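Structures follow.
One chain, chain A, links the two complexes that follow: it is found with chain B in the first and with chain C in the second.
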Partner chain A sequence: MIKFLLKGILGDKNRSVLPIIIITIGVSLTIILSGYMRGVMGDMIDQNARFDTGHMKIMSRAYAENKAQLPNDLALLGVAQLKEELKSDYPEIKWVDRIKFGGLIDVPDGENASKGQGPAAGMAMDIFNPESGEDARMNLTSSIVKGRLPSKPREALVGSDFAEKLNIKIGDEVTYMGTTMNGSMTFENFIVSGTIRFGMPAMDKGAIVIDISDARQLLDMEDAVGEMLGYLPGGVYDDEEVAPIVKSFNARYANDTDEYAPEMVALRDQNGLSSYLDMVDYFAALFVAIFVFAMSMVLWNTGLLGGLRRYQEFGIRLALGEPKGHIYRTLIYEAILIGIIGSIIGTAIGLVGVYLLQKYGINIGDLMKDSSMMMPTVLRGKFTPELLYIGFIPGLFAMVLGNMLSGIGIYKRSTASLFKELEV
Partner chain B sequence: MSENIISLKNVVKKFPVGDGFFTALKGIDLEFEKGEFAGLIGPSGSGKTTLLNIMGSLDAPTEGQALVMGKDIATLSHKQSALLRNMHIGFVFQVYNLLPVYTVFENVEFSLLLQNHTAAERKKMVMDALEWVGIENQADKKPAKLSGGEGQRVAIARAMVKRPEIVLADEPTANLDAKNAHAILKTMKQLNKELGTTFVFSTHDEKVMGYLDRIISLEDGKVVKDEVVEAQYTV
Partner chain C sequence: MKKTALFTIIGLIAMSFMLPTGPSASQIIQKVDDNMSSDTRITESQMIIHGRRNSRTITSIGYSRGKYDNFTEYLAPEREKGTKMLKLKDYLWIYSPSSDRTIQLSGHMLRQSVMGSDLSYEDMMEDRKLLDIYNAEIEGEEEVDGKKVWRLALTAKVDDATYHSRKLWVEQERFVPLKEDLFAKSGQLLKRTVMSDIKKVDGKWYPHKMNYKDMLKDGQGTDFVVTKMQINVPIADEVFNKSNLKK
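And then the complex of A and B:
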């Protein structure tokens, strides 16, 4: 009987081709949209994690409360000891120091006059120590447009747009003007070792990147740090892994009333990222639900039309003594078979689509020119294992559901009236 | 002693029409014995097809009793009705109603699939049936490649392959020319004689009537004449 059904499906193109096309389109669209959305959201989260939030971040309570103002006067103190404790308590987590600072960059013209000035968003990280992993984490080397990474004190990278705007060349000296953590004025000259483009307009427009040791000296922040970022070993944020670490760390300081006591915050609780994370799950579920509903409706109608077209066949089969229940079941078996074929083709096409989106992405650089959002200019899809089933199962389900609904119409008719309608 | 395989007692069939009912059969009393070659004749709307549907367990009487192979049609479940049709009743239709996707062999084989015969048994039974109707060399063809006469022969083979006790034929020659109609009717008559299958026709066709041993005239849902006749054509 299975061979009989299979031959019927393969022989009758109208019975199989249209549903397979519908399933294929639906499944591939679901996979491409899900993969793309997850990629974009994942990139944004990853970007935030690498540049700003870490998978978890430790700040002083006072700093955390005002972190938007980059209040280095409220920085975390006793960093060396804290880091030793963290390494001992959470040996698998990689901890890195970051200092963010604001100020003014002045470009002298060589005659003690100013060639140009601009506000700078400074970022200090452990560049000189290759074991810190900051170069790879921040894609520093690959983001350099001209020049090289700072390799010695008093060298700096500046954002390429910033450099262009102020006409800064590699090897030029620029002067930073700002305030220390104690509130006094500070001035320091840096040699521009390179220009950098992060692919984020917010950073490229005014960034200056220096080594953390320079920043500590510049800002009087010995044994202090604005933010200490922690990264999970796999490099991928996992809320379930981070939450207990945050909970246990903060519990240790629960009875400490010092406003400078350290406080740990998970990625999802920073920069509104919890909404992003929830949105990723929400949209993924929404896509699947819409897909199943829409496909079921289409396939229901396709099934009804197919059923009408096959009235003659059903009539013959009834007359030959096939029970109605058996006919109904064979319709479902056919639906499963067609659903599987369509879902496999759709999944394959969808995965190729996601792969291409992951490799080439969609460049929205022109749209982001004036944006201050921290997000990449090339939005890419992401190939994840769940894409293997996220379209497949709904595709199969929609086909079976559509055929079950249309089949009921046939099943409910009395044999005689169905037979009469068949005009056999 | 002859054996009744269909017994209809005061069969009434009503169909709902609007707020009321249309009575298609008004108290039919008929009996068919094994091996009969009988026909229901009468104008359109006289109840021939409705009666054939009840005898084929495709429909149940509203009143009265219809016993087919000793089973009361009105009391059978869908599944039991299907089993009765599958094991004991063959249908031949006005249009041949072959499934276009399948070959001649597969069209004939279908009802055997429902009976769970082995592949070897099915092959033998199908080839025997095709041989009975003289188209064993067309087994691999698709229905679209057959002539009208050949198509109806396949339909007869399909009805006969499971060796049913009863074959119900609704206007089987309506779409055939005279030559093919006679050929088909001769084949059916031959099978009736050789296998003892009971044939009941619904027909307007005088050619069919020429082969019948019994003619039952229906009019307005009633049997107006039921006579045993001398068949004009023999095999």
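And then the complex of A and C:
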């Protein structure tokens, strides 16, 4: 039966070419858009996780309330003990300390005056210890434009744009001026070991990256931390895995009234990422629905045209005694076969498109140069296993639906007037 | 009869001129400025910063000359010891002994808090007389801490005023402000200062305890306590020199 139908489809090009082209276009567009969107959204979420949110983050309650202000005066204390507890309770999670700090970077001119200065977007992490994985997680080495990672105390990476603007060279000294955790004024000279470009304008303008041990000394934050970030072993955020950890950790401090008690927050509950995560699923479903609807309309129309073209064929088959239901069913079977062929071709083309988007991406660096949003400047697609089958949903469904709608005409034919219609 | 009426009217008019009337808003502000300003001043003080977690006390000695020149050296605690600030007209330099650097602050950095207090660098730099910056009018009279005060509304008459408007509660007896609210142009209350412990120094009444409160932040604000004050004493020119920062 299938072989017979396949012969018919392949033999009668008019019956198959147009629907296959339509399905191919629709399926490939569905896959490309889904892959692109998942890539962009995934990149944003991944970037947020690596730079800011972790898969989960622990802060003091007071810090969490005001975290946009980087309130290190409300930082979490007793970090060493807390970390021991975390390691024992959640051994699979990797915990890293981060301190963010604001202030001013001043560049001396060598004559007791300033060559220039600008606001500092300071970030401290465990750079000196290679086992921390912070270099790879933050893409530090690959983001270095000139120089190298800090390897000893009082060395720092500064934002490439800032360095260029003030003509800072490797080995130059810059002075950080800011406020300690206790509110005291703090000054420190750092040797510039390298310049860095994260590809995020918000950070590239005034970034200063130092080791966490330097930050602790600079900001009087011994055994204190602004944020402690937790990462799942696979490196990929999984809401279902993180939610129970967050719940059990926070339950432990539920009766603690101290405003500085630790509080754990999942990635999806930070930086408005929950809406992003929901949006990824929502838009993927929306794309599929739109394509199913649009292609169904087109294929319904194509089916109607095909039905008209095959009006005589159906008439003869009815006149020969073939039941209407059988003709209708063969029409649907044909649609399934055409849908499968179109979906396979469309999926192949779509995957090539996603691969190209993943490899080369779309550079929006010029559009982002004045932006303060934390998002990548090259938007890339991302191949995910579901792209292998997602195209079959609109491809098959639209074709079958289109043919089901157009095939209804078969039931409207009156057998009694068939010979008159066929003029035999 | 007509003569009697005429004399009565003239008498009433004359009496109205003889009745005691209060000073104008400008006169009040002038007297406040006289109390609060001096040619030179040396002030030893403690700044008690009430944070959410703890309070810190910073001790300093400040030298000021006229409207524009100010030099402050921080004496304690250890973290701040040796930090010096020099303000000359619109310029502010900070010297830190730990980095041995002198950094000039300008622009938006001047709006940052000084050592985590409720005072900004701009607040510290503002030494001009009120009459030079604001137009004043009396809004009414009331009592603050049992003292009769005038409530004055001050509106900036210059473009570079740190605060667009102020409300000032001035004690009627000694012409010293007891309370001050500072507003942005939008009308938002930004800061509140409450003055107390008024003492006479060389003929001028001066509050020796001030609580500055940033109204956009939680907390109890920052107390500024004057422990010793000398006014109109000679101060060497070299104190107000950039080279003094590194000494």
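Basically, the second predicted complex is superposed on the first by the 412 of 424 C-alpha atoms of A that agree within 3 Å, B and C clash if a C-alpha of one lies under 4 Å from a C-alpha of the other, contacts with A are read in each partner's own complex, and residues count from 1 in each chain.
Basically, a contact is a pair of C-beta atoms (placed from the backbone, for glycine too) under 8 Å apart; a residue touches a chain by one contact, two chains touch by 3 or more.
All figures in this text were calculated on a predicted structure; none of them were measured in a lab.
Engineer: Taking chain A as the common reference, can chain B and chain C both be placed on it without clashing, or not? Answer clash or fit.
Structural biologist: The answer is fit.
Engineer: Tell me which partner A:Ala348 touches in the superposition: chain B (first), chain C (second), both or neither.
Structural biologist: A:Ala348 sits against neither chain B nor chain C.
Engineer: Considering only the touch criterion stated at the top, classify A:Ala243 as touching first (chain B), second (chain C), both, or neither.
Structural biologist: neither
Engineer: In the overlay, answer first, second, both or neither for which of chain B and chain C A:Ala113 touches.
Structural biologist: A:Ala113: touches chain C, not chain B.
Engineer: So, does A:Ile393 touch the first partner chain B, the second partner chain C, both, or neither?
Structural biologist: Neither chain B nor chain C is touched by A:Ile393.
Engineer: By the touch definition at the top of the document, which applies to A:Leu82: first (chain B), second (chain C), both, or neither?
Structural biologist: Neither partner.
Engineer: Look at A:Gly8 in the shared chain and tell me whether it touches chain B only, chain C only, both, or neither; answer first, second, both or neither.
Structural biologist: first
Engineer: By the touch definition at the top of the document, which applies to A:Glu188: first (chain B), second (chain C), both, or neither?
Structural biologist: second
Engineer: Can you report the least C-alpha distance between chain B and chain C in the superposed arrangement, rounded to whole Å?
Structural biologist: 79
Engineer: Overlap the chain B and chain C contact sets on chain A and report the shared residues.
Structural biologist: none
Engineer: If you look only at chain A, which of its residues touch chain B in the complex?
Structural biologist: 1, 4, 7-8, 11-12, 312-313, 315-326, 414-416, 419-420, 424
Engineer: Of all residues in chain A, which touch chain C in the complex?
Structural biologist: 62, 73-74, 104, 106, 108, 112-114, 117, 119, 175, 177, 179-180, 182-189, 220, 260
Engineer: Taking the complex as given, what residues does chain B use to touch chain A?
Structural biologist: 53, 56, 58-60, 78-79, 81-87, 89, 91, 93, 95, 97, 99-102, 106, 110-111, 113-114, 158
Engineer: Contact residues on chain C for chain A in the complex?
Structural biologist: Touch residues, chain C against chain A: 49, 51-54, 56, 77, 79-80, 83, 94, 96, 98-99, 101-105, 108-109, 113-117, 246.
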